[in-house]
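Each of the next two complexes has subunit A plus one more chain, namely subunit B in the first and subunit C in the second.
This part shows the complex of A and B:
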């Protein structure tokens, strides 16, 4: 949802298309051969057209830009070979962006997983009434319902040097003086990661909650009969049962988080001193602040390749399920 | 004796869980409450010490200022126009594609399926550069059309997958009966499948609307003038223009979140069900 930041599309559903279902092919033999064969292509043609125009052509364009110079803004592109790639890969800012992106996505994903699982387990307990759980569930989903622009504004208010977070931390004695969380080089990356954790865990929680509800009570009873305590049941029943969902969600989250742009752009803009520069903001700045579209294209292709590696692991994980 | 110990243990667990839930609820909910509270403050009270949730002069001024400025209303209008068009076009395209996936076998099915799934993984930042070139070349720069068509990159794959999953749950006998009466696949789709799929299609439509309503990167790069900007960009512009009118920014944020919040609360159950059905399938 990216609503979250809801511009997050959902991979897990992908399994649905793969599910084989009985179709007309078996019984449609009476129909004229040609009609039966062409009909599905007719239905799917608008989709194919859109994928071609919005995906195949653009990717071909960005790859070709990345090997040229003087693209888009000037009208006389020239072949540049690997020059753009050399330029990007030797740019210290780009290397910093890779490092920051790795820290950002790893910490975010681990925290999303831990918080999502913890909240899902508390919401799944048999100890509370359905109404209580429903109320808490809505509260827990709240961060996911706000668009990233709103998330950014909320946290800029809260993390302001004169904001409520600094007030609380200084008055209980954790901090000596106010910290400008998003503008100070030593804290900006952590503050940004924290905001991303807040806005992204609900999606994990929703999926894991569904996963928990799918675990058979018999398994827990069997474990209890064998004398397993709560912690043993968690590690020997819950975790193994959720493992496929956990791994898929983690890979997906790494992909999504690596694509995060709006939150960074609206809170720190990659600064201060590049400490929150990520692959997305680096590419954006090259293109739309410096108008170096060729360099930006090389960076964009590198981002695409990195994403494809992660997507490959995701698909392999889905296959194994 | 045993029973009371167990009961006490249960009570302890219950208190523990409730305490945990409350701590989590503060983490999740406090920023939202603070946004709401700030939107009712006067700007002088935003950073008052000590901070208060409810201040002396509870006021709707910030909302009034946002709503009385035609530039802000334009952001909302733009967002509604774009999101509604995206939703309508996505649903139409997805219904057709999902019908093919659900009810036909064809040679390229697996290949097209992989293509649709992998579209979702392509980073928007990779696409935004060629989209910029493409949209300028097509004369769609700074128009609704440019935003509508590019937003469909995000919405369509998901919509197709979700609609196909829904169609797969409907028995084939339903559309077969139309065929027995001499109707064609087209009739079966629009007369039978679509009407009974309305609940599923609503979930798909809401998700599509939300994605489009929240989209930021393309809206930022493919429009130029303020009269074409959408709500997320409008919030950012507000931050730039009067960076210290926090109450107005919060009011704008709340107004901008209301459509999604309402849709979500109304269709919560169906929505979550649709969203997770694939995730837990093993």
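This part shows the complex of A and C:
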């Protein structure tokens, strides 16, 4: 027996019943039902395609390269098992690069957070006038406006043995003679880290300023009523309220800084004597200078795994929020 | 709004989603079809072939001048069009490395001699010897060819030599009457210039490992200027030989004498040129291509170019380092004959002379005569130095030449930092090179 002809625009519940009922869907309505099921995939397909082409395929290729020998440069590469990973992990330069990268990203992230929070609190304080804060806001954000190439050129000039930094430090008596900040093995890594801190703190400052402005004044008033002084309010109100932002920013910064390449390449190139060699420059040199694409791929996969660990904590933090 | 309209729109929206997915799937399939076939960038439409020509030369020549040269070629070859892919040197290199890996090199490629061996071994660039034979091309007009395993893979189109640049004002202020011609004279002059004080040093040595060509231009040049070689007769590394040791010892003596500008371990080539331009360094070994740049940035700087000083007792012909704008053809191109016509045009007497004049370089065609009448007189001086000596660059054609330079630079850095002896540095570098060459 045929079902009654129901006007589903008048009786929407009937339409819902039809969608759920196998009896309805089995009768000459299969095509629209299939279209309805496919439609969501259609909408996300451009994104899926882009992710597949731009991320999944390249990552899969790099992973496969890392298990082959003489890949790309030889027409018929052979399977090499874990040989490339063994080679990379026993290369003293790679181990140096890991150590340097850890120092570089840890110091950068801590300094970014401290400086960013300090400047953000200054810009959020009620002790300064609006005009003063506007002026400082512009000054503080300036490093963020320069592209990394400009940052590298500026600091190479300033840190030159005959540059302005040495001139000032020798003039005021801090230094007895000029220091080769970027060319001396004892100072290059610290100088490079300093440049990275300088160029990266404004992003933290802006993000934390937004976080500070989102903290309700009621909390500070309540703390004041309870007799909390400035330091206590900072540690018991400001920091807990900013904690989600601080953790997210810190994890993101660890990931971003570990991928820093341009600044290192344009200032020290990993030298002198490998003291500023990072995972990024090591991988690049393996690929585009030594043409050891298999080794470079193995190094890249190791970097990917390390980054994924950090990304895991980032995602977990987001979920907790 | 009626229920019919709503249903129609809903159906249309769903249909749109499905159609989008279908189109993207077809597009993706289309993208995939071309990959792996090694197709280069050329195309043939209506009988005319369009060649893609990737190089960095267009970016370094006066604006539009290289395109004019290509228009001239197109007028001589109506069935061939040229699409220039011009980018700075570093970008071109990266694009070509990627293109070689994916077998999608443009039809004609600008090459540096340092890349040739690797591209040839990958099968990315084609054997030009065979194409020359097919076209019955007269090779005798070519000043040089870059070969791998006896086959030509690159033809140098324009050459740039690296003479000694000398700041005449600093030299006279230091009381040095003649431009140094021997190593002893150079050391003496460098000491006197450095003694002037005021942040001035005698010489600059860029040993940055990101782009380690300072080894080729500023270190090995001392060896080649005295007729030495870093390779054996059969092309194997010979870094422990007395001539190489003598050259490295000499560089160390310059460092020990305190005549090298500070910051050498991370100094880049452009830093060296800037310091010379600013009058902070008395002498550098540099590309003649920088003559105009230095004059433009510092019109009052009085400088000249001279042969690189040789060992005191040396009387033979002096090698002078050079770099080339070389040309090669992709092995994957469908239009090798047409691509070789473009190479022939670039190497023709007229076009090669014109290009050399535009680039302020020396022609790759023996018979081409660059017109330096409108150029700075220093180019004529450099041309005379070039003619009296011989072009020397033993890194050209070597496998992984940039990596070889980097290994050398890292070991030399240890020497200059006092952490390694010259003998140890050369022994280690020799071992490293022997595993590559």
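Everything below uses one rule, namely that the second predicted complex is superposed on the first by the 280 of 321 C-alpha atoms of A that agree within 3 Å, B and C clash if a C-alpha of one lies under 4 Å from a C-alpha of the other, contacts with A are read in each partner's own complex, and residues count from 1 in each chain.
In this section, a contact is a pair of C-beta atoms (placed from the backbone, for glycine too) under 8 Å apart; a residue touches a chain by one contact, two chains touch by 3 or more.
Only a predicted model underlies this, so the values are computations on that prediction, with no experimental measurement involved.
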A:61 in the overlay: touching subunit B, subunit C, both, or neither? Say first, second, both or neither. first
Which partner does A:81 contact after superposing on A: first (subunit B), second (subunit C), both, neither? neither
So, does A:182 touch the first partner subunit B, the second partner subunit C, both, or neither? second
Go through the superposed model and pick first if A:268 touches only subunit B, second if only subunit C, both, or neither. second
Where does A:240 make contact in the superposed view: on subunit B (first), on subunit C (second), on both, or on neither? neither
In this superposed model, does subunit C or subunit B come into contact with more residues of subunit A? B
Touched partner set for A:255, first subunit B, second subunit C, both or neither: first
Residue by residue on subunit A, keep only those touching subunit B in one complex and subunit C in the other, then list them. 7, 9-10, 39-41, 43, 46, 53, 72, 156, 160, 162, 265-266, 288, 293
Which residues of subunit B touch subunit A once you look at their complex with the stated criterion? 10, 13-14, 17-18, 20-21, 24-25, 27-29, 31-32, 34-35, 38, 46-47, 49-51, 92-94, 96-97, 99-106, 108-109, 112-113, 115-134, 136, 149-150, 152-158, 160-162, 164-165, 168, 172, 185, 207, 210-211, 213-217, 220-221, 231-233, 235-236, 239, 246, 249-250, 253, 256-257, 260-261, 264-265, 268, 272, 275-282
Within the complex, which stretch of subunit A touches subunit C? 7-10, 32, 35-36, 38-43, 45-46, 49, 53, 72-75, 156, 160-162, 178, 180, 182-185, 188, 265-274, 281, 285, 288-291, 293
Given the complex, residues on subunit A that touch subunit B span 1-7, 9-19, 21-25, 37, 39-41, 43-44, 46-48, 50-51, 53-55, 57-59, 61-62, 65, 71-72, 115, 118-119, 122-123, 125, 127-128, 136, 138-143, 145-150, 153-158, 160, 162-164, 167, 171, 198, 202, 206-207, 209-211, 214, 244-245, 248-249, 255, 258-259, 261-262, 265-266, 279-280, 283-284, 287-288, 293, 296-297, 300-301, 303-304, 307-308, 310-311, 314-315, 321
Quick check on the complex: what are the subunit C residues that touch subunit A? 2-4, 6-7, 11, 13-21, 24-25, 28, 31, 93-94, 97, 101, 118, 121-123, 199, 207-211, 262-268, 271, 280, 400, 402-403, 406, 410, 413-414, 417, 419
